[in-house]
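I've put the structures underneath this note.
Paired with chain B in one complex and with chain C in the other, chain A is shared by the two complexes that follow.
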Partner chain A sequence: MSALARPSIIGDALETAGAWLLALVWALPILYAFWTAFHPGEFATRFSLLAPWTLENFANAWNAAPFARYFLNTVVLVTMILAGQLVLCTLAAYAFARFTFVGHNVAFALVLVQLMIMPDVLIVENYRTMRLLGVLDTTLAMALPYMASAFGIFLLRQTFKTVPRELDEAARVEGCGPLQTLWKVYVPLAKPVYIAFGLVSVSYHWNNFLWPLIVTNSVSTRPLTVGLAVFSGSDQGIDWSIITAATFLSVAPLLVAFLLFQRQFVQSFMQAGIK
Partner chain B sequence: MSKSWTTKLATAALAAALSTGLGGVAIAPAAAQTEVSFYYPIAVGGPVTKIIDQMAADFEKENPGLKVKPIYSGSYQDTITKVLTALKGGDAPQLSVILAVDIFTLIDEDAIVAIDDIVKTDEDRAWLKSFYPGFMENSQTGGKTWGVPFQRSTPVLYWNKELFKEAGLDPEKPPRNWAEQIEFAKKLTKRDASGNTTQWGIQIPSSGFPYWLFQGFTTQNGLRIMNTAGTQTYFDDPRVIEALQYWIDLSSVHKVHPPGITEWGTTPRDFMERKIAMMWQTTGNLTNVRNNAKFPFGVGMLPANKTPGAPTGGGNFYVFKKSTPAQQEASLKFMKWVTQPARAAQWSIDTGYVAVTPAAWETDVMKKYVAEFPAALVARDQLQHAVAELSTHDNQRVTKVFNDGLQAALTGAKPAEQAMKDAQREADRILRPYRR
Partner chain C sequence: MRSKGWGVLIAGPRAGARVTRSARNMAHLYGWLLLLPAAALLALFTHYPALGTIYHSFYSTPRANRPSVYVGLDNYQSMVEDPVFWQAVTNNLIFCIGTIPASIALALLMAVWVNGKIRGRGLLRTAFFTPTILPMIAVANIWMFFYTPDYGLIDQIRGLFGLPGFNWLGTRNTALWCLIVVTVWKEAGFFMIFYLAALQQIPPDLSEAAAIEGSSRWYFFRRVTFPLLMPTTLFVLVNAVINSFRMVDHVVVMTRGGPDNATSLLLFHIYEVGFKFWDVGYAAALTVVLLAVLALVALGQFFALDRRIHYR
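== the complex of A and B ==
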């Protein structure tokens, strides 16, 4: 008995050690950023327990760029994308999951094809479309290409497919129309998937850089990531203190939100099966 | 089915865009308001955006009816991406600062106009001739001028005078040639009892774009690394291989340089923290080091071998084809205004970039600055030995091939000769279509 138990104890210990090691490796950049952001520049690459703490880096970063405006822009952008995605993806997924119409297989295949294409490949084509629509240098231009998310459609369709037909039929017997059924049966059941998808979408678009950079020109539309690029000039040597402080400023809302809702997020991810 | 729908929508939108576009052109002369959008890469620290904004505002005040709208477009790399995307999307800036070496890319994309074609008066032509020839090398090809030097730099040697004194060297005398460079670096390298190096003699960073500083070595070894037509490189020339071997030997044989790839962005910090005694760095860092180093430091020309030598670097103004004659005229006016001696001098003092015309060095403000800070003169004096930075057709790819070869040799993955032969073969393959 004990002979059998021993390997599993060793196995457990190894697993725990491995988990700690991975967690540490994962956390190191953040810990370094934390250290550098809160200490004067000369301690950026030196570790000393006696190093004085300071908030000066944050003040410098805040004053070097119109951060408040960038924050607002990012929040508006992320909200707009998520709202668009939730509406479009829900409707599309419902159609693909529960209705048969002419060419629905072809249409779904096209959505899947979109999953395989890196958005960066389409930059020129998207830019041309935005110009034709006359929306260059607006929040809408940054948001539009991402609203019909293939990933969201696919994910929700798979979720809706797992909803038992009986529930659907029961709702109809009670007199619900198709949209009411969607709202009263499908959407509530898919809540964990919505939360998980929302988190992935928000964090992706909060951090997106290239497309917003290319399609916007002015301070009044640009998001945080593009504003942050002001600090990354390596021509003159990098001031790590300011960069890390600015980075903290821009990811802080996400970090705080994640810490607050951590339990819900983790549960949603487990149920939705996204990693 | 859905395709035809989008096509219709696009056509409708196109029609709308066209009609407003034509309307705009028709109205513009009447309103006598010409706007130039100006993409500017933030390749230097944050405060520079304020200087550029101020310049644009001052220019508009002095030139009623003209507007310059600066658009900050990230790094040089991001800027060219943004410009080329906008161009292919049918929309482009009228004026931009882009790397001087992207000249062939921009010509091949048919994006820019030659400056010779938009200058009109003799005064304009005289202005075009007023720049240092060293900077014009990267701005001209096929007998035409395509770019106007603006934020240009060149690498120089920085040394820590305190550490020179500690090592028993004359703090006012930097190494003048390759042999002295090794000899000094040996004296400046310190090891602790267990054999770990606590202070390196010299650091020549090799991350990101190692070709640039390496061009210092090859120029000193008496070779220009490409032809002026941008169709031929000489990566496998014995002088290149010899130069590369010298760089490798600094760490592998003489042990005075940190091994492997050294980071470009953190080298100035290593220097300021006394981890290295000498470094090769761009003049763009002068202001940074001057403000932050807590010890006296010297700035000198890069050590010579067969000859002294260094590449130039940095960004030029380009004027884009997709602009009205009025906009081109406004762009020309702005470029002339920004590069006039007093303003070029102030720009150089604020940023550390090298003032681009000899006249700028003759201004009072520059003379005063140089009297306080003679190190600024070194870059100017080195210019007479400076050559064009590596620039060819399909520049991004050719440069990448060369960089990869250099880094493979520096990390020891390939011997120097093999790495350079491979790089040359690959460059030949890329450049063949341009040789016709």
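== the complex of A and C ==
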């Protein structure tokens, strides 16, 4: 940027001010809710800089609903989905990247269908299937529709295609079979993509709501999002301080991880988006 | 022997002359075996339900002592006569018009700012992006608190100017717009990331050349940057459209479709019909409409897709 491109200092200052104003508007809801969560209930509706700080809302929320259990459920769910996705998508991506098998083009097009028609919209039929399989109200039922991720297959296929064939051939000369080559050559080279995909997948499924709401029906399976909705939706008299505390409780691991590894998160989402 | 067989084949065209029939068969076998687990789950939870939806939309809902029977277009007939369906479709269109252009424009603005040499851009990026990683449920909770009549943040600010409290989520004219605001707030930062990635791919010599030519930044943006970002805009647009038909978490938490169906979106209506009234036959017919919309989006993307973008 040379001086020629910027006609006025005032213009620049206005732009900076505009950017900051928008950022403030964007940050304000979270900051205010955060403030509310750490102050006694009577200040939720009456902002005062002098209000005393407290952790009581968090304690009350934690005791009012089985959040520990919900946490466990979400962690198990997210882990199960990610593990399934990593295995299934790796194998499928490898097939598409390096094998010319009969019908591979049609198969690939059929995989890509899921980018448009996500399991999120097929709730009625998938519920029917889960009932037939007898897995309603289980973590498996929440996880199954998302395990074969078209997005993951596509992302990994693009990555595997960039692996030089020489490396592949070298592994073959060493006597590696297809799976060994995949494990020793392709997977290590795709590590950044795996991290990116993992972050995107974990944040998506940590936050997913509608399908878990439909297939779960008990405390022992409900993930955090559904638990939080049940908690704030129950007619126990609305106490905003406790609800905001519960909200931050539920998102804390993801939010803290994001704020600590922000660059990694942003890079991951970028990488996943460029394709 | 075995490993040699598949190896020759994956070595690609250069080794083409050496490809034997048995090696080719091995590649078919390996390809399908590797694909099989993912293909099975995709077929079971994406392809089968998509087709099953169409099939079941021609059948009545099974009841206690009345099994499901073929009813032809009856479900579609009820749909056409269902005012809530039309309301949900209208709401969804308003929702699209309200959220998509606004979030794309804001995302572009944010990306240009964060990509530039603005002071404190790290903080700006955090502020813009943080809503994206929060679950919609959390976001809905936070905003419900703001929309609370009299006590919420918005009415408190209005109170400073002597304005009376207002039931934002409980009034037909404002409820849907409340959801639109929440959605734009949550989505803009997400789309910003894609624009940011694209902006970083534009070579800096372009803007330097333009600066030497003396063109204004706005002119440069309009004539160079924006056209270069077109593929990203298309990608973001498709995602935004899909999202507006896929995401109803905020409706479930904030308004439950009310007041008087003023905030019912298509997928929320499906959810209500399918899981509140357990009318699965009708819910299937409604889902067919949703699938048709998504298929249209896919076709639109296919035809609008820049020829230069191709899958290698």
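Please note the rule applied: the second predicted complex is superposed on the first by the 221 of 275 C-alpha atoms of A that agree within 3 Å, B and C clash if a C-alpha of one lies under 4 Å from a C-alpha of the other, contacts with A are read in each partner's own complex, and residues count from 1 in each chain.
Keep this in mind: a residue touches a chain if its C-beta (ideal position, glycine included) is under 8 Å from a C-beta of that chain, and two chains touch if they have at least 3 such contacts.
Small disclaimer: the values here were computed from a predicted structure and weren't measured.
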**Prompt:** Once the shared chain is lined up, is A:Asp239 touching chain B (first), chain C (second), both, or neither of them?
**Reply:** first
**Message:** Quick check for you: in the superposed arrangement, does A:Leu132 touch first (chain B), second (chain C), both or neither?
**Reply:** first
**Request:** Name the chain, either chain B or chain C, that contacts more residues of chain A.
**Result:** C
**Message:** With both complexes overlaid on chain A, does A:Ala92 touch chain B (first), chain C (second), both or neither?
**Reply:** second
**Request:** Check the residue A:Gly175 against both partner chains and state whether it touches chain B (first), chain C (second), both, or neither.
**Result:** second
**Touching partner for A:Asn217 - first (chain B), second (chain C), both, neither** = first
**Request:** For A:Ala59, decide between first (touching chain B), second (touching chain C), both and neither.
**Result:** neither
**Request:** State whether A:Pro145 touches chain B only (first), chain C only (second), both chains, or neither.
**Result:** second
**Prompt:** Once the complexes are superposed, what residues of chain A are shared between the chain B interface and the chain C interface?
**Reply:** 44-45, 123-124, 127-129, 210, 213-214, 229, 232-233, 240
**Asked** Once bound in the complex, which stretches of chain C touch chain A?
**Response** 2-4, 6-7, 9-12, 27-32, 34-35, 37-42, 44-50, 52-53, 56, 106, 109-110, 113, 117-120, 123-131, 133-138, 141-143, 145-146, 148, 151-153, 156, 185, 188-190, 193-194, 196-198, 207-208, 210-212, 214-217, 220, 235, 242, 245-249, 252-253, 267, 270-271, 274-275, 280, 283-284, 287, 290-291, 294-295, 297-298, 312
**Complete:** In the complex, the residues of chain A that touch chain C are 1-2, 4-7, 15-16, 19-20, 22-24, 26-27, 29-30, 32-33, 36, 44-45, 47, 87-89, 91-92, 94-96, 98-102, 104, 107, 110-111, 113-114, 116-129, 144-145, 147-148, 150, 153, 158, 161, 165, 168-169, 172, 175-178, 203, 206-210, 213-214, 224-225, 228-229, 232-233, 240, 243-244, 247-248, 250-251, 254-255, 258-259, 262, 265-266, 269-271, 273-274
**Asked** Where on chain B does chain A make contact in their complex?
**Response** 1, 10, 13-14, 16-17, 20, 37, 42-47, 49, 69, 71-75, 78, 81-82, 85-86, 88-91, 153, 208, 264-269, 273, 282, 284-285, 287-289, 292, 352
**Message:** Residue numbers of chain A touching chain B in their complex, please.
**Reply:** 41-42, 44-46, 64-65, 103, 123-124, 127-134, 136, 210, 213-214, 217-218, 226, 229-240, 242
